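Heads up, there are several structures right after this.
In the two assemblies presented below, chain A is common to both, partnered first by chain B and then by chain C.
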Partner chain A sequence: MSGNSGGILEVRDLHTQFNTLDGVVRAVDGVSFDLARGETLGIVGESGCGKSVTALSILRLIPPETGRIASGSIKFEGEELTTLGEEAMKRLRGHRISMIFQEPMTSLNPVLTVGTQIAENVTRHLGVSKKAARERACEMLDLVRIADARRRLDEYPHQLSGGMRQRVMIAMALSCDPQVLIADEPTTALDVTIQAQILDLMLDLKEKTGTAIVLITHDLGVVAETTQRVVVMYAGRKVEEAPVEALFDNPLHPYTRGLMAAIPRLDVDAPRLQEIPGMVPLLTRPIVGCAFAARCPIATERCRTAAPPMVDVGGGHTALCWEVTP
Partner chain B sequence: MTVLAVDKLVKHFPIHGGLLQRQVGSVKAVDGVSFSIAKGETLGLVGESGCGKSTVGKTILKLIEPTAGRIVLGGEDITALKPGAMWPHRRRIQTIFQDPYSSMNPRLPAGTIVGEPLENFGIAQGRARDERVAALFERVGLRPEAMRKYAHEFSGGQRQRLGIAKALAVSPEVIVADEPVSALDVSVQAQVLNLLIDLQAEYGLAYLFISHDLAVMRHISHRIAVMYLGRIVELTDKRTLFARPLHPYTEALLSAATVPDPRRRRAKKAIVQGDVPSPAKPPPGCHFHTRCPYAVADCKVKDPPLREVAPGHHVACHLR
Partner chain C sequence: MTAYIIRRLFAVVPVMAVVALFVFFLLRFAPGDPAAIIAGDDATTEAIEAVRVKLGLDRPVVEQFAVWVWGLAHGDLGVSIFSNLAVTRLIAQRLEPTLALTLSTLFVAVALAIPLGVVAAWKARKLVDRLAMGFAVLGFAMPVFVLAYVLIYFFAVRWQLLPVQGYSPIAEGFWPFVQSLILPSVALGVTYMALIARITRASMLEVLQQDYIRTANAKGLATDRVLLLHALKNAAVPIVTVIGIGIALLISGVVITETVFNIPGLGRLTVDAVLKRDYPIVQGLILVFAAVKVVINLMIDISYAFLDPRIRY
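Take a look at the complex of A and B:
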C-alpha cells in the first residue's frame, strides 16, 4: 500500500519543531507514510517519539507560539494541508478528519450537555437545522451503544463514566462521517474491560462507516489486535513500517525487536525481560547517524556517523537500518 | 515463613451529605480482604480502578487506619498501633509509588533524599551514611555521582530507581509497590521489573505488588489476588490463574487484555459489558452479578464466600 497514490492521506518528509529554552526540539524529524481508504494504521512508539506531534501536525494543531511544521508535505485527498488557510482547516477538522484523545474530559465542554456538543459539530459542518442535528446526535449515541441515548443527550460530561465519555467522543468524532479518524491513545486511560469494549466499538464502526483510522499508541497489544499496518517511531523518526503480521513475525529494526522482547507477556512465561539499555537521545541536538545507535546491540561505527538508509525488504516492509539487508 | 498477614481487612470511607454534613453512607473500599505473604514472595493484587487495591496497600502501611480486621507484620499485630508505637515497625515495611517524583523534595539533592531514612531511623550518619547511599545508588543502577543531582534532573526510570533505593535504605522485609511501572515506557519498565526481581532474590524481600496490568503481574508475581469492588474474588498461584481461571471476572479480565500477537486476534474481546458499579453502592449478593454472563438468581442475593476449591486456589463464586 505504501507509495501508491490511492492513499487518502500522504505524509512526506514531515519535520515539526518546537522552540524551548534548551533549543529547538526536532519532535518529528522527517516522517513519511500513507494511509489508504478504510485502512487502520497504527503509529507506535514510546513517550517523546513524536507520534502525537505527527497527529497534531496533520490536523495543524501545533500551537504557533511554540512550534511549527518546518518542512514537508501533508496531503489529504490530494489537497496540501501544510499551507491551507485556517478557515479551510476549520471546515476540515471534525468533519472530514476527526480526532479523539486519551482523556475525553479535557476535550468535552463541562458546561454543555453531550447532546448540545455533538449537535453543535453537526450544525457547524453540515449546516442542518437544530432539530435535525439533535436527531443526528441521538443516532450517534445509539451507534456507539450508549443505552437510553435520548435521555443521555441531556446529561453533562461529569455525569458519565470514563468509558461512556470516550464513547461520546467517538460519537462526536464520527458525527459528520469523516474519511479519517485519528485516535491518540484512545483507551490508555481506561480499565481493561472498558478498553476491550471501546476497541470492539471502534473496529465495528470502521466496518460500518469505512472511515480510515490512524491509531496512535504505546501499546503493542492494542496495535496487534486492531491495526492492519504499523509505523514504528523512535526519536522523531520512522524506524520501521510493515503490515501488522510481518512486523510481529519478523521485526527488522533492533529497536522494534528490543521493544517486543521488553514487554511482559500475558500468554507466555518469560524468565527475564530484555532491557533496552540507556535512554532516548535528546532531540535538541541534531542526531548524526542512527538515532538508536547508542542503545543498539548491533551498532557499528557506521551507524554512529552516517544516517541509515530506509531498506525495503518487500511486501511493504521497510526499516531504517544499516544492518538490515534487502 | 509468613512476613505479612492480613485478616478480614475492612476500610470504609464515610460519605457526608446534606445541610449538616452528616454521614449519609460509606464507600466500602476494602470489604473483608485476607491474604498472607511469605519471605521472598510476591503477591500480586490486580483489579480495575476503584476495586480497592491501592486502599489495601495504604491501610497495610498504616497511612490510613483500617476500619476493622487485623494486620500482622512479622508476627506482631500492628493494626491498632498509634503513630509513635508504629514508628519502629516502619523500618520493616516500605513503599514504592507510581510517581516517585511527587514524594521527593525538589530542593534536596538525590543523595540526601535516599539518605534521609538512614538518619531518621538512626542507622547511619555523616560519612557512613554517604557510603551506604553510594552503595545503594550503585545497587539500583545509578552512578554515585548522581547523588548531587536533584530529582528533576532524573528521567522517569531513574526516579523510580531512586524511589527503590530509598525504600531499600532501611533494609525492609516487606515492600508495598503500588503501580511502580505503570508510568514508565516499556523499555524502561523492563529495567525496573528486572531490578525488583533481582533485589528480591538478593534480600529475600516480600512484595505486595499492586497493578492493573495482568502481563506485568504474570511476570513478577508468585501468587495473584484478583479484586473486584473491595473484595478478593480469586486468589491462587499465577500458573493456575492464567491456565484455569475460575471466577468469571478473572476470565473477563484475561480475555479483555490485549496480546501482542496479531494472529491471536479474536473477533470479540469484550465478554463483559457495562461499567464497574460505584463502590458506594455495590450491588447486593455477588458484586459482579450485574456484569456476569453466568449469573443466576442466587448471585443477586447471597454473598459468595471465598472458598478453597483446590489446594491454594480460592474463589468467591456460587457457580464454582
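Take a look at the complex of A and C:
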C-alpha cells in the first residue's frame, strides 16, 4: 500500500521548525509517509510528538511568524506543495484537502451561522450561486445526520452541542468532495459515546465519497477501530509504520510496545497502569543517536551515539530501531 | 430583543432624573451670583434684589427645582436670563452645526481607523504595522488646536482650497456645507481615529489567534473574507464600545474645534452661557448632552446583540 502507485499524498523527509525564545524547535524532524487513494492512515503519538504540526505542514498552515517548513517534500497528486504559490494553495485548502480540528467548541466562528460557514466553502471553491451553496450546505447537514437540517442552517454554533459542532465541521470539510481529509484529534474533546458516533460517521462517509483520511490521534483504540495503516511518531520522527493488524500483533519499536502496555486492560489483573518512564527529549537540541534511547528498556551504547536505521521487516512494516532485525 | 430594548428605554428614566437633579443643584452651589452679574457692575443692592425676584431666585431652592422639573416634563427648558429666548429654541438653532460636525468627524475617524487597525493587525510587527501605528500615535499626541491651525494655514490660507473658518448650513447648498466641515472634522477626527485604530488592532490581533480563524484559513477563504468577515465581526464589540466612548470625547472636543473654526454650534453656546452664568441654558445643554450619551449607550448595547448572537438579554 505504501508504494507510489496509488499514492495521493507523499510526504518525504519533512522538517518543520519553530523559532522560540529557547531556540529552534525541530517539531517535525524527517518524517516520510504515503497516503493511498481512499485509505485511512493513522498517525499516533503523545502530545508534542509533531503529529499536528505534520498535518498543518501539509496544508501549509504553519504560522509564518514563528514556524516554517525547513526542508522536505510534500506531493499531492504529484504536485509539490512546499513551493506552491499561496493563491494556488488557497484553492487547494478546503477543496481538495480539508481539515477538521480537535476543538469543535472553538473551531467554528461564533458570530456566523452554520449555514454561512458551510456555504462559503462551497461558493469559494465550486463557484456556484449562493442559493445552490445553501442547498449544498443543507444536503451536507443531512449527510452528517443532523436532524432538521434546514432549520439548523440558520443557527449559530453556540446553539449546538459539541458532537453536533463536530458534525458541522465534518460537513464543512467534505462539502467540496476533497480527495484528502486530515482529521486532527477529531474526537478527543467529545464524550465517549459521541466519539464512537463521530468515528462511525467519518468511516461511513469515507465509504460513500472515497476520500482518503489522515487520522491524527493519541488514542490507540481509535486507531485499531478505524485505520488501515499506522504511523507512530516520537519526538518529531516516524519510529514505526505498519498495517494496523501487524502493528497490534507484533509491535517492533520499544516505544510502540510501551504505548500498547500503557493501555488499561480489563482481562489482566494489574495493580497499576504501565507507563513509559522518563520524559520526551527537548526538541531544541539536535538529538544524537535514537530519540527514544533515554527511556528505552533495551537501549545499548550504540543507541545513544548513532542514529538508528529504518529497518524493513516486510509487509510494509518498518521500525526505526537498532534492535529490530529484518 | 424588543423586550430588551423596551426595558432599556425604561431604565433611561431614572438615569435622566439623577442627571437633572445633579445639574440643578451643582449650578446652584457654584460660586457667582447671576442676579449680580445681570444687574451689572454699578448696580445697587436694590437693583440686584429686583433682578433676583424677577428671576425667581429669591424663592426656596426646592421650589425653584419643582418649577424647573414641571417645565421639563412639558418640554420647556426655561428661558435664557440674558436674551429672553426659549432655551429649547436656542439649542435647536445651534444643533445642526454641532450634529453635522460630530457626524462628519465620526465618519472621518472610523473610515480611517478601521482599515488602519485591520491592516496593522494583519501585518503585525511588520513595517506597515509600525507605520500605521506610528501615524496613529502621532495623531493622538497632536493637540486639536495645533493641528487645526496647521490645516488652516496650508489648506485655507496658502493653497486656498477650503474656507478658513465658519459654517455653511446645509440649506445653503451641499458642497459649501461639506467644504466648511472638512478641516474641522479632520482636525478633530485624527485624535479619535488614533484611539479607534489602536483598539481595532488590539482586538483583531486577539481574534486572529483564535481557532476559528485557523478553520477559515484551512477552508482556503480569500484573505479579505477572513479579515473583514470572520475576524472583524468578532473583534467588533470592543471597537463599537470605543466608538461610543469616543462620541463623549467628541462632544467636549467640539467646544475647542468650534471656537477655532468659528462654528456657531452647541460648544460655543456652552462656553458663552457658562461665562455669563446663564443657568437655564447651561442646565438645558447638560441635559441634552446627557441624553445624547444615554441614547448612544443604548445604541451600543443594542448593537452588541446584532454583532454577537451569543449576547441575549
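One rule holds for everything that comes next: the second predicted complex is superposed on the first by the 317 of 326 C-alpha atoms of A that agree within 3 Å, B and C clash if a C-alpha of one lies under 4 Å from a C-alpha of the other, contacts with A are read in each partner's own complex, and residues count from 1 in each chain.
To be clear about the criterion, contacts are C-beta pairs under 8 Å (C-beta built on N, C-alpha and C of every residue); 3 or more make two chains touch, one makes a residue touch a chain.
The model shown is predicted, which means the values in this text are computed figures rather than measured ones.
Chain B and chain C, once both complexes are superposed via chain A, fit side by side.
By the touch criterion stated above, A:Ile276 is placed in contact with chain B alone, chain C being left untouched. By the document's definition of touching, of the two partners only chain B reaches A:Gln197; chain C does not.
Of the two partner chains, chain C is the only one touched by A:Lys90; chain B is not. In the superposed model, A:Pro110 makes contact with chain C only, not with chain B.
Once the two complexes are overlaid on the shared chain, A:Glu65 sits against chain C while remaining clear of chain B.
Draw one line from the C-alpha centre of chain A to that of chain B and another to that of chain C; the angle between them is 80°, to the nearest 10.
A simple residue count on chain A separates chain B from chain C, and the partner touching more is B. Look at A:Ser161: by the touch rule set out above, it reaches chain B but stays clear of chain C. Shared-chain residue A:Leu21: touches no atom of chain B or chain C. When the two structures are aligned on their common chain, the gap between the nearest CA atoms of chain B and chain C comes to 8 Å.
Residue ranges on chain A touching chain B, taken from their complex, read 46-47, 161, 163-164, 191-197, 199-200, 218-225, 244-245, 248, 258-260, 262-267, 269-270, 272-277, 279. Chain B makes touch with chain A in their complex at residues 48-49, 155, 157, 185-191, 193-194, 197, 212-216, 218-220, 242, 252-265, 268-270, 272-273, 275-276. Listing the residues of chain A that touch chain C in their complex gives 59, 61, 65, 89-95, 98-99, 101, 103, 106-112, 120-121, 124-125, 156, 158, 169, 172.
Contacts from chain C toward chain A in the complex involve residues 124-125, 210-212, 214-222, 225, 229-230, 233-234, 307-310.
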